[in-house]
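Structure, as structure tokens:
Should a chain be cited, it is by its letter among A, B and C, assigned in written order, with residues numbered from 1 in that chain.
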Amino acid sequence: MKIGIMVSEGPYNHQASDSAYLFARTAIEKGHSVPRVFFYHDGVNNSTKLTQPPQDDRNVVNRWSKLAEEHGVDLVVCIAAGMRRGITDDILAPGFRISGLGQLVEAGIQCDRLVTFGD
Amino acid sequence: MLNIVNKSATERNSLESALRMATKGSAVLLIEDAVYAATQGSVAAAKIQSAMADVQIYALGPDLDARGMTSRVLDGVKVVDYGGFVDLVTEHNCCQSWL
Amino acid sequence: MSDMMDDMDEGGEGVVKKFMFVNRKAPHGTIYALEGLEVVLVSAAFDQDVSLVFVDDGVYELIKGVNTKGIEVKDFSKTYRALEGYDVEKLYVEKSSMDARGLTEEDLIVDVTVLDSTEMANLMAEQDVVISY
């Protein structure tokens, strides 16, 4: 089954991005596909390579990048929400790309399920 | 419909709204801070227990564990892991997050 | 579009799904109402069967008599009136949410269909995709 995901909160402040990641990874492990994760609202802050968590903490951004690299998950950052919050192409971590809100609607149309993680 | 609730019932009204608009036979999955509602002695426990007549209540095990609440889960609440969460999403025709 | 989405394209064209946008947050205190509205406007271009519902504090998004000058933010409440021009015409409000806030249809900036909680629950159960804020 194709499962799309929307992440509506940034990393660390809320559990949303952690929950979304664990859900996505588990879905893939179980043989489903996660074609796209759409980052909206403060969720766009999951995409910046400038993130530097302490050594003993998980790296939320790198974890998403790794999922994209290993499983072809399309990590889409909303352009409007991203511009509001200073997220531009030159600070994107690997695997992320900036695009329009239409990508969220498209994921809703083309995936069998769309799961939202937010606050 | 799978209704997903992630906020503590003593902080937000999202659990109450999800239960009010959950149709008979649908499911409610508690994740993150919402899992506190499914524990003995919580103010939300009575709401969860009366809702169980019409809807199945699930709670995410890793979130219960992380909060030290696993031993306090109410009878009748099914504890699932992330694999169970994925299964619930695929088994229901649609899911809704009560943010 | 990236290569990764290619396998999602099969059979994608011409699909009409029931999309519901659930608004449960008041405006201005957080950005969810405004950015939620932006998704709705974009969704109109995809020829889907779109419904908007307003429950809990979401009903405050539709209130008349807004003046945002003093807080120096955009008054987007007028945009709800423009939705008709985008062929987004299915707006639903839960009655008990209005009652709990001392509001009636007369207080709202647009025409809505008022549903009781059971009717709202049934409407939600019919949807293919629910996006909530």
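Observations on the structure shown:
Just so we're on the same page, a contact is a pair of C-beta atoms (placed from the backbone, for glycine too) under 8 Å apart; a residue touches a chain by one contact, two chains touch by 3 or more.
Since the structure is predicted, the reported quantities are computational estimates derived from the model, not experimental observations.
With chains as nodes and touching pairs as edges, the resulting graph is complete, every pair of chains being joined. Across the two candidate interfaces, A-B and A-C, the one carrying more C-beta contacts is A-C.
Distance between chain A and chain C, defined via averaged C-alpha coordinates, is recorded as 23 Å.
In chain B, the residues that touch at least two other chains are 94-95, 97, 99. Among the residues of chain C, those touching two or more other chains are numbered 32, 129-130, 132-133. Each of the following residues of chain A touches two or more other chains: 8, 114, 116, 118.
Here chain C touches chain B in the complex through residues 22, 24-25, 32, 55-56, 94, 96, 117, 120-122, 124-125, 127-130, 132-133, going by the rule given at the top. Contacts from chain A toward chain B in the complex involve residues 1, 3, 8, 15-16, 19, 22-23, 25-27, 29-30, 32, 112-119.
On the chain C side of its complex with chain A, the touching residues are 2-5, 7-9, 12, 15, 17, 19, 31-32, 35, 38-39, 42-43, 45-46, 48, 129-133. Every residue of chain A that touches chain C in the complex is listed here, in rising order: 2, 6, 8, 33, 35-36, 40-41, 72-74, 80-81, 97, 100-102, 104-111, 114, 116, 118. By the touch rule above, chain B contacts chain C in their complex via residues 1, 13-14, 17, 20-23, 26, 93-99.
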